[in-house]
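Residue numbering begins at 1 within each chain, and the chains themselves are lettered A, B, C and D in the order written.
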Amino acid sequence: MSLPSWEAWTCVWGSRIGDTLNYLYSIPHSIATAILSFLHINLPQLNYLLTWVIASIILLVVVMVNVIILIYVERKELGRFMDRRGPFVVGPAGFFQNFADAFKFLIKEMILPENADGLGFNSTLVIVVASSMLIMAVVPQAPDFYYTNTDLGLLLAFAIFAIEPFAVVIAGWASNNKYSLLGGFRSTAQMMSYEVPMLITVLSVVVLAGTFNFTQIVNYQASHVWFVVPLIIGFIVFLISIVAEIERIPFDTPDAEAELVHGWMTEYAGIKFALFQLTSYVRSFAGAAIMVLIFLGGWTGPILPPILWFYIKVYAVFTLFVWMRASLPRVRIDQVLNLGWRSLLPLSLVNMLIAAFLKIYGGVFHL
Amino acid sequence: MADPTPTIVAPKGDKDYSYLVSPSTVQEQEIIASLKSKFPEVEVKLKQKGRLECVKFPREKLVEFCTYLRDSLDFEHVTCVAGNDLKRAWEVIYHISSYKHRCMIQIRTELPREDPSVDTISQLWGGADWHERETYDMYGITFNNHPKLERVLTPEGTDFFPFRKDFKLLDHWKIDWENKGKRPKPEPMVSTDTRFGDGNG
Amino acid sequence: MSIELIGFIIVAAAALVLALMMVLSPEIVHSALYFAGVLIAIAVLFFLMNAVYVGIIQILIYVGAVVVLILFGIMLTRRNILLG
Amino acid sequence: MAMAEMWINMGPQHPFTHGLWTLKVKVDGETIVDAEPIIGYLHRGFEKLCENRNYPQIIPICDRLCYVASMSWDHVYVSAVENTFDIKVPPRGEYIRVIALEIQRIASHLIWLASFMTDIGNLTAFLYAMREREMFIDLLQALCGARMTYNYPRIGGVSQDMPKSFPQQCLKTVDFFEKRLKEYDYLIEESEVFRIRSQGVGYLRPSDAINLGITGPALRGSGVPVDLRKTDPYSAYPDFDFEMAVEKDCDVYARYRVRMNEMHESCNIIRQALKKIPPGPVLGKAPRHFPRGEGYARTEDPRGEAFFYIQADGTDRPYRVKIRSPIFVTVSAAPAILRGYKVADVPSIMGSLDMCLGESDR
């Protein structure tokens, strides 16, 4: 068996690593070069690895800062929706409330429940957190600001989305708590059933754009039309599916606090719980970003730089999520599943048909 | 035990109760006359409008009397079942009301001191179930044929009946209102004997 | 020794160890956990072999669906699910 | 199936139990096959407590029966005493009582709305309801100076006349609140999600409801037109013209509608009472020595039929006091309502019954 050469492996991810985070042009690369030259090491492969690590750290920081802002934005917006002020004590306009909360979570005791399964309890935390962070690695944020730009980026993003369910059901089981168990089952059932319409909707986008690559999908939309216009049905299906996938109200049945205290997260305490909460926002961010990329024209927009357009759109979509949370009650689990299988699946197929029709006769619509 | 195959029954075809909006034309005197003719040994009085009263009710007749009330006189609702400790005897007080005739009957049954038991009416009205349980809980009055005569408000395994008159409150909890609300000199809590009183519960 | 070979050895060894642990684990849910690990390791091997599509589908189908199915199977057929 | 038949303890520390109680639910998968409510965590021996206090001293502890509807429990106690000893209340006293009771009813229903909406996951409505409740609590504060434990009714009337600015403030609040009630319809009732959560859930057949002794909005939600303010009028209620809120759907949605309509009707009653209120004293003469006797009073509490039975033995303390709490009976009927529904329906069904543990445990 012959392994691919070094260059071939970098091509697997669709781009040279030098392109990574191109917006901050070659910052990771130059940092790595500087460190290695300071140490008098001339090893291109080590340089490559170091660049990779630094790029990962930059990505992590970017995502984390965004998540912190998302949580703040959600609190403030929710406050406005609910006719109250939201956080306003810690820091300017309450911005550092999140940090205060994180600190509080840090000083809490991490409890392993009696008779809980340590391996399942802790390893699933790692899987859930890591897989959620990984999604952002394949999601570009601007034409020259991305971690990787692989050709199968869209598919890869959803493959990584799909890792979480099994970890959740194990987490629910390992907590040795009936609420957790039921929450884990619900979460998994919900995620599995919403992945089907979601992927079919994504497929209709792929049919129109002819590629799995995020950048090319955005470029296609820039040169033709945002996919939200021809695929409005698909947009709605995708919106509902992604809200179900990231488990926000009205689809937060897995951690419905009224009946299953906090679902599969019930037994997690302290920083573990904080990490799960953070993860859910990372997933919200990723979901909103993917939605912007495949339906709302990504980073395209007049005057402002692309990266700004991207964030404006992502935060607008997130505001939509918050609006739904503020105005809708929770849907029951069997109704969630019914909606998924009986309404969204046929709708996504209809959407697929529309996409195929437009692909064949699209010349009329400049598609 | 529960029905193993639960079914959700929609209320279609259930009895229509909209006639309850207007009161029936039956007067309290007619109800009393009907009860008198059926149960001549029972003494029913009209206390005030809509308030019937029935004292010293023989406890053997209770279920028969209540069945008649429910089935023939449209007394649909048990407002309350209360126990009482008359010291010379036990007493169970039933308040059964009729939505249709807009009146309430109060039945006071005395039970002998040595045998505090009476037949249950929870088979007739489900609403009496927990009231009877509570009466058992607080007074130790047993209700024959009750489906689940267990403690309801006090914890399981409580071995006393707190509302009996011979159940002494702890002395230093008891406030002496005659002496201007001053608490008597607190005595040390020594044994459980003071708490349980001399009751045989 | 090239860095790809080192990567391959690490991932392959992980897959083998996880597979062994899957078989030897006394707790069946742990086996499912290790099984998911094996499948992810195999997906990484596919990536290493430049078969990106197969790797992605491996994750999407096997980790996302088959493992969950197995877990549901385990939990719905056991008498006592909870540990305590 | 191995998932079959496991008992889930919902409570005593569970987000859906508004108060301290346990609902043991036996589930098959997610379907409820049996349920068993366990109460008594708040049991204070209330009736025994009453036997050791004289008659006026019982009023403040009646405040503690239900912590969201203290006024109506004060009122049912004082009317039981008045019935027992034939004490007359001056008409102005009765009218002020009615106003206070209806304000209390709205405040209590708003608390119910808040907790019910939390149960089914709409926190916005929770905060809106609490916001509106504040206005009514302010009104009660203007009447009696307290926000939670009012201690306002007295044997023979109420403790003090209402302040001069009260009628105007009250009318303003009521008008404003009716506008807000329309806002709720936009937020809650027109939401499809709310409808699928509440319609067709928690069927309670009228005959079952009557037999199980369920009273109040839950009974009227099952289409049984029984409202003690109409069917067994007390206090000054015969003077007012108001509709009885009845819905025929028998489900959670019907109970929701009944309570929302009752809030409208309460506003209506408050307006009429403020218009018709006669001048005069507010507190009648209460006897110094209480004779032997027995008596009872039943009123329409925000949660159902409240009932107070008093036996007097000629001393200054009651010999026996019995309280019938509507929720005590309603919670005993919980298994009958819950059976056959999903675990996720438990909060919405039990929320629609409006639990209050202070009065059911006593």
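The rule we apply is simple: a residue touches a chain if its C-beta (ideal position, glycine included) is under 8 Å from a C-beta of that chain, and two chains touch if they have at least 3 such contacts.
Note that this is a predicted model, so its numbers are computed, not measured.
Set side by side, A-D and B-D show the greater C-beta contact count at B-D.
Located most centrally within the structure is D, per distance between chain CA means and the overall CA mean. The distance from the centre of chain A to the centre of chain D, each centre being the mean of the chain's C-alpha atoms, comes to 46 Å. If each chain is reduced to the centroid of its CA atoms, chain A and chain C end up 23 Å from each other. Inter-chain spacing, taken between the CA centroids of chain B and chain C, is 65 Å. Counting partner chains per residue, chain A has residues 178 touching two or more of them. Multi-chain contact residues, meaning those touching two or more other chains, occur in chain C at positions 75, 81. For chain D, no residue reaches two or more other chains under the stated contact definition. Considering their complex, residues 1-4, 6-11, 14-18, 20-21, 23, 50, 76-80, 82, 84-85, 93, 95, 99, 102, 104, 106, 125-131, 134, 138, 151-155, 162-163, 169, 174-175, 177 of chain B touch chain D. Considering their complex, residues 2-5, 8, 27, 29-30, 32-33, 36, 40, 47-50, 52-53, 56-57, 59-60, 63-65, 67-68, 71-72, 75, 81-84 of chain C touch chain A. Residue ranges on chain A touching chain D, taken from their complex, read 81-84, 178-179, 182, 249-250, 252-253, 256-261, 326-335.
Within the complex, the chain A residues that touch chain C are 3-6, 8-9, 11-12, 45, 114-117, 119-120, 123-124, 150-152, 155-156, 158-160, 162-163, 165-166, 169-170, 173-174, 176-178, 181, 185, 188, 192, 195. Residues 26, 31-34, 39-40, 43, 45, 47-48, 52-54, 57, 200, 203-208, 210-215, 222-226, 231-232, 244, 250, 296, 298, 305, 307, 309, 311, 320, 322, 324, 328-329, 332-333, 335-336, 339-341, 361-362 of chain D are the ones that touch chain B when the two sit in their complex.
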